[in-house]
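Both of the next two complexes hold subunit A, though its partner changes from subunit B to subunit C.
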Partner chain A sequence: MNSIQKNRLKDRLFMYWGMFSTLIGLVLLVVFIGDILIDGLGIIDWSFITNLPSRKAEKAGIYTALMGSIWILFLTAFIAIPVGVAAGVYLEEYSKKNWLSGILEINISNLAGVPSIIYGLLGLEVFVRIMNLGASVLAGSLTLSLLILPIIIVATREAIKAVPKSIQDASYALGASKWQTIWHQILPASGGGILTGVILALSRAVGETAPLIVVGALAYVPFAPDNPMDEFSVLPIQIFNWISRPQHGFIENAAAAIIILLGITFIMNGIAVYFRNKWQKKWK
Partner chain B sequence: MRKIKEYLIEKLLFSSALITIAVTFGIIGVLGFEAIIFFSEVSILEFFTDTQWTPLFADKHFGILPLLTGTLLTSFIAISVALPIGLSIGIYLSEYAPKSFRKTVKPLLELLAAVPTVVYGFFALIVVTPFLQGFIPNLSGFNSLSAGIVMGIMIIPFISSLSEDALHAVPDALREASFGMGATKLQTAFKVVVPAASSGIIVSIILAISRAIGETMIVAIAAGQQPRFTLDPTVPVETITAYIVQVSLGDVQHGSIEYRTIFAAGITLFVVTFLLNTISYRIRKKYQQRYE
Partner chain C sequence: MEITMEKTLDQKVVVNTIEAIDTSKPSKIEVKDVNVWYGDFQAIKGIDMEIKPNTVTAFIGPSGCGKSTFLRLFNRMNDYIDSHRMEGKIKINGKNIYKKKVNVEELRKEIGMVFQKPNPFPKSIFENVAYGLKIQGIKDKKFIEERVEKALKQADLWEEVKDKLKKSALALSGGQQQRLCIARTLAVEPSIILMDEPTSALDPISTSKIENLIFELKKKYTIIIVTHNMQQASRISDYTAFFYIGELIEYGKTKKIFTNPEKKRTENYITGRFG
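The block that comes next holds the complex of A and B.
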C-alpha cells in the first residue's frame, strides 16, 4: 500500500469515526429516554399527577411538585423577562462604547459561567435571610431570575442586532423618538428572537435543582403553594428525593416524574426552535 | 415632556443593566463575608493542606483537598469522554458532513445539553453504574467513574457546537489551498483547519471544563457523599457542589461553623470557575479581533 492509499484509508476511517461519534450521543439519548419510558410509563395516570406526596410509593403523586414548578416558571418569567429585556435593550441601543459598557459586557459573560449552585448561595443569604422571604416560591423565583438573566440579555442583544438598520432609519426619518423607535419598531421586529431566548432560559429554570435545594425548597410539602410566600417543592427536587430512596417503587416514580419533566423541557425547546425558524425566515 | 419621558426610560433601562453588576457584587460580597468569618475560625493553611473534610462529625477537620480532588476527578473523567467525541463531531460536521445533515443534527445534539441534570443523575445511578459493574466487579454503587462519564455525555454539545462554529468560520481559501496541494480532508482538517480555529476550540474546551466543575446534581446523585482524598474512580467521593447540596438538605443551624463551610466551599468553586471563564473570555476577544 503506497502512502496515497494509506492517507485515503485514514481519511475514510476518520469519516466513519466522526459519523459514529455524532450518532453515539443521539443513540445514547434515545436509549436513555427509552429506558426511562419503560421504567416509568406504566406509573403515569391521572392519579399520579393529582396525588399528594406520600411515604408509600404506589400512592405518591407529583401534584405539589408540579404546581410548585408551574409557580416557579411563571413568577420567574414575570421577574426575569422585563429586567433582562430592558438590560439587553440598554446595552444594544443606548450604551456608548466606554469603560462602563466594557465592564458590563465582561460581567454578563462571566455571570453566564457562574455555576448555578453559587446563585443558590446568593439567594439563600440575600433573599431568604436578609430580605427575610424564607424558603418561599418568591425567594426561589428571584434566585432563578438572576440565574437566567444573562441568557435573556444575550438573546435580546442578538435579536436586536439582527434587525436591519433601515427600519430604524425609517422610523427616525418619520420623526419618532428613540424610545418610540425601540417600542414600536425594534422590539416587535426582534420579538421572535427574544421569545426564543426567553423560552430556552425558562426551560433551563424549570430543570434547575441545585440552587433551589440550597435556597431551602423542600422535598416534602403537603400542599401546593397558593401565594408567592408559600413553601414549595419542584419536580426536579421531587425526582431527586425519589432517586435517593432505597425502595424500588420510588425509582419507578422517579422515572415517571422524569417523563413529565422531560416532556415539559422538550415542548419548551420545540416551541423555541419553532419561533427561531419562523423568525429567521422573516428576515431572509 | 417627551424629553423627560425619554430620559426616565433610559435611566430605567440603565438600572436594569446595572442589576447584573449588583449580582456580581452580591455573589462576591456574600461568599466573601461568610468566608472571612469562616477563616477567622479555621486557618487557611489547614483549609488547603488538611486531607480530611469532616465538618459534620464530632472530630472536625476542614481540609478542602478531598472535595477538590473529587471535583477534579469527576471533571477529568467527563472531559476525557467529551473532548475526543465532541471534537470529532465538530470536525466531522464542519469538514465532512453534508450541509443538510449538519442542520438537522446540531439542534438534536444541543438537546443533550437541555436535559435537566437531575435526569442525567438518574441515568448515571440507575443505568450506567449497574452496566459498568458488569465489567468492573468491585465498582462501588456510588463512584466518580459513571458520574464522570455521564457528565461527559452532557457536555459533548458544548464542545461539538462551539468548536464546529470555530471550524466553520475558517475561510474556505485555506482549505482549497490545502486540497490543491493534494492533501486529503483529514490532513486538511488536522493540519490546516484545526490550527486556524485553535483559539475557538480552546474556548469551547475551557467552557466545558468550567461547566463540569460547577455541575451539581449528577455528582450529588451518582458519585456519593463521602469526601475522600483519592484518585480512584471506583469508590464514592464527594465534590464541592455535592457537599453544598448535602448540607442544604440537612438542618444545619444558620450562623454555625457548619453553615459557613458551604460558603467557604462555594468561594473556592467560584474562584476556580471565575478564572476559567475569564481566560476563555480573553481568548475569545482576541480571536474575534483576528477574524473580523
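The block that comes next holds the complex of A and C.
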C-alpha cells in the first residue's frame, strides 16, 4: 500500500468515525424526545397548563411552576442584562489592557465553567441569609443572574470585537465622544450578537434546577408568585418532583412538563438564531 | 474616457454653485519637534514642518515610514492606542492641540478625516452624512437636511443618491462610498481634511473623481493626503513631504520635489529605485 492509498484510507476512516459520532448524539436525542412525546403528549391540554399542583396526578397542573419560571426568567433578564452588557462594554472599550485586565478576563471565562450548584450555595448564603430575602423569586433570580453573567459578558465582548474598527474610527473622527460612539455605533452593530448571547444565557437559566433547589425553591407551592418576594417553584423542579413519585400518572405529567420546558428552550434558541442571521445579513 | 471627461465637467458646475455660500476658514498648521513612540519603538523622529492654508500637501514614503502615524497626530486619532506616546507641539492657528485642556471632540470637528478603506456606517445614506451633526446635539431637521444636501453636492454625490437617501449606504459602490465618507466629513464643516490613502482601494475612474474633488476642495480647505501613488502626489498636491523611517527627509513645493529633489534618497524613492 503506497502513501496515497494510506492517506485515502485514513480520510475515509475519519469520515466514518465522524458520521458515527454525529449519529450517536442525534439518535439519542430523537429517542429521548420520541419517548417523552409518547408519554406526555396526551396529557397536555389547557387545564394541564392552568391547573394548580395536586396530589392526584390527573388533576395536577404546571400553573405555579410555569408562572414561577416566567417570573424567574424576566427578573433574571432584568438583573443580568444591564449588568452583563455594561461589564462587557467596559472590559472591551474602557479598561486598559494590562495584567489586571488579563487576570479579570481569565477569571470571567473560568466563572462560566463553575458548577451551577456552587452558585446555589453562594446564593443561599448571600441572598437568602445575609440579605435576608428568603426563598423568594428575587433570591432565585439574583442567583441565576450570577450564573449567567459570565456568559453574557463573554458574548457581549465577542460581539463588540466583531464590530469593524474602521466604524469606530469614523465615528471618533467626526467628533463623537466615546459614549456616543458606543451608543450610536458599537451597540447597534453588535446588538444582534449580544442578543443572541443573552437569549442563550436565559434559556440556560430557565433549565437550571440545582442552584434553585439549594436556594430553597419549593417543590410544592400552592399559588403562583405575584411579587418578587413570593415563594416559588419552577418547571425543572416540578419535573424532578413528579419523576421521583411512584405513581405512573405523575411520570406522564413529568413527560408533559418536559415537553413544555423543551418547547420554551427551543423557541428561545430559535429567536437567537433568527437575530443572528438577521444581523449577519446587515453586515454583508 | 469620454464618460470621465463629462462627469468632470458636471462636477465643476456643481462645485461652482456651492462656492457662493462659502463658509471657509483656512487653517495653518505648525509642527514643532514632534516625536512619537509605540512602546520602545520610535515611529516619528523630531519632525518640524509648517503647512500652509488652502493647499494640498502630500505625504509620501515607503510603508512603515510613519506618514500615517504622523497624519493621525493632527486629529489625535492615535490617542486610543495604549502604547502611544507623543512629545512636541502641533499648533493649529496658533493653538497647541496637545495641551491638556484641549477638547478632543471639538478638535475633530475642525479637522476631518477620510480613511484608506471606505467605512460608511451601516445606516442610510442620509444618516451617514447627518451623523456628525446629530452627535453635536443639532435637532433642527431642516438645517440638517440642508447641510446633508450641501455636503453631498460638494462631494459630487448628490445627483447619484438624491432619490435613495433612505437606502443603506452599504449598497453603494466603493467609489460612491468613499465620496459619501468625504461628504460625511464635509457636513461638519471642518477647516482641515486629512486623507489617509483615500483612493488606494478604488478603481481608476473613482480615483480620478476623488482627485478632481480634492482639487476643488482645496479652495476652501487645507488638505493633507497620504499616498503611495507618485503620480497622484504630483497631480494633486502643491507641497510634498517625503518621509523615511520616521524622519522628514525632504519637504517643499511638489514641482521642485518631483523635478529637482535636493536629497539623493528622495530622488531614488520618486524614481522607483527603492520602496
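In this text, the second predicted complex is superposed on the first by the 269 of 284 C-alpha atoms of A that agree within 3 Å, B and C clash if a C-alpha of one lies under 4 Å from a C-alpha of the other, contacts with A are read in each partner's own complex, and residues count from 1 in each chain.
Just so we're on the same page, a contact is a pair of C-beta atoms (placed from the backbone, for glycine too) under 8 Å apart; a residue touches a chain by one contact, two chains touch by 3 or more.
None of these values were measured; they are calculated from a predicted model.
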For this session: Identify whether subunit B and subunit C fit side by side or clash on subunit A in the overlaid structures.
Result: fit
Exercise. Of subunit B and subunit C, which one contacts the greater number of residues in subunit A?
Worked result: B
Exercise. Where does A:Ser166 make contact in the superposed view: on subunit B (first), on subunit C (second), on both, or on neither?
Worked result: second
Exercise. Vertex at subunit A, arms to subunit B and subunit C: angle between C-alpha centres to the nearest 10°?
Worked result: 110
For this session: Identify the partner contact of A:Ser69: answer first if only subunit B is touched, second if only subunit C is, both if each is, neither if none is.
Result: neither
Exercise. In the superposed arrangement, which partner chain does A:Thr143 touch: subunit B (first), subunit C (second), both, or neither?
Worked result: neither
Exercise. A:Val126 contacts which: subunit B (first), subunit C (second), both, neither?
Worked result: first
Exercise. So, does A:Ala176 touch the first partner subunit B, the second partner subunit C, both, or neither?
Worked result: second
Exercise. Given the touch rule stated above, what does A:Ala189 touch, subunit B (first), subunit C (second), both, or neither?
Worked result: second
Problem set entry | Distance of closest approach, subunit C and subunit B, by C-alpha atoms in Å | 9
For this session: Take the contacts of subunit A with subunit B and those with subunit C, and give the residues found in both.
Result: 177
Exercise. What residues of subunit A sit close enough to touch subunit C in their complex?
Worked result: 96-97, 164, 166-167, 169-177, 180, 184-185, 188-189, 282-283
Exercise. What part of subunit C is in contact with subunit A in the complex they form?
Worked result: 75, 77, 80, 82, 105-109, 112-113, 115, 117, 119-122, 131-132, 135-136, 181, 184-185, 188
For this session: Could you pull out which subunit B residues touch subunit A in their complex?
Result: 2, 5-6, 9-10, 12-14, 16-17, 19-21, 23-24, 26-27, 30-31, 34, 84-85, 88-89, 91-93, 96-97, 105, 107-109, 111-112, 114-119, 121-123, 125-127, 153, 156-157, 160, 184-187, 189, 207, 210-211, 213-217, 220-221, 241, 244-245, 248-249, 254, 262-263, 266, 269-270, 273-274, 276-278, 280-281
Exercise. Can you list the subunit A residues touching subunit B in their complex?
Worked result: 7-8, 10-11, 14-15, 17-19, 21-22, 24-26, 28-29, 32, 35-36, 39, 82-84, 86-87, 89-91, 94-95, 103-104, 106-111, 113-122, 124-126, 129, 146, 149-150, 153, 177-179, 200, 203-204, 206-210, 213-214, 216, 219, 236, 239-240, 243-244, 251, 254-255, 258, 261-262, 265-266, 269, 273
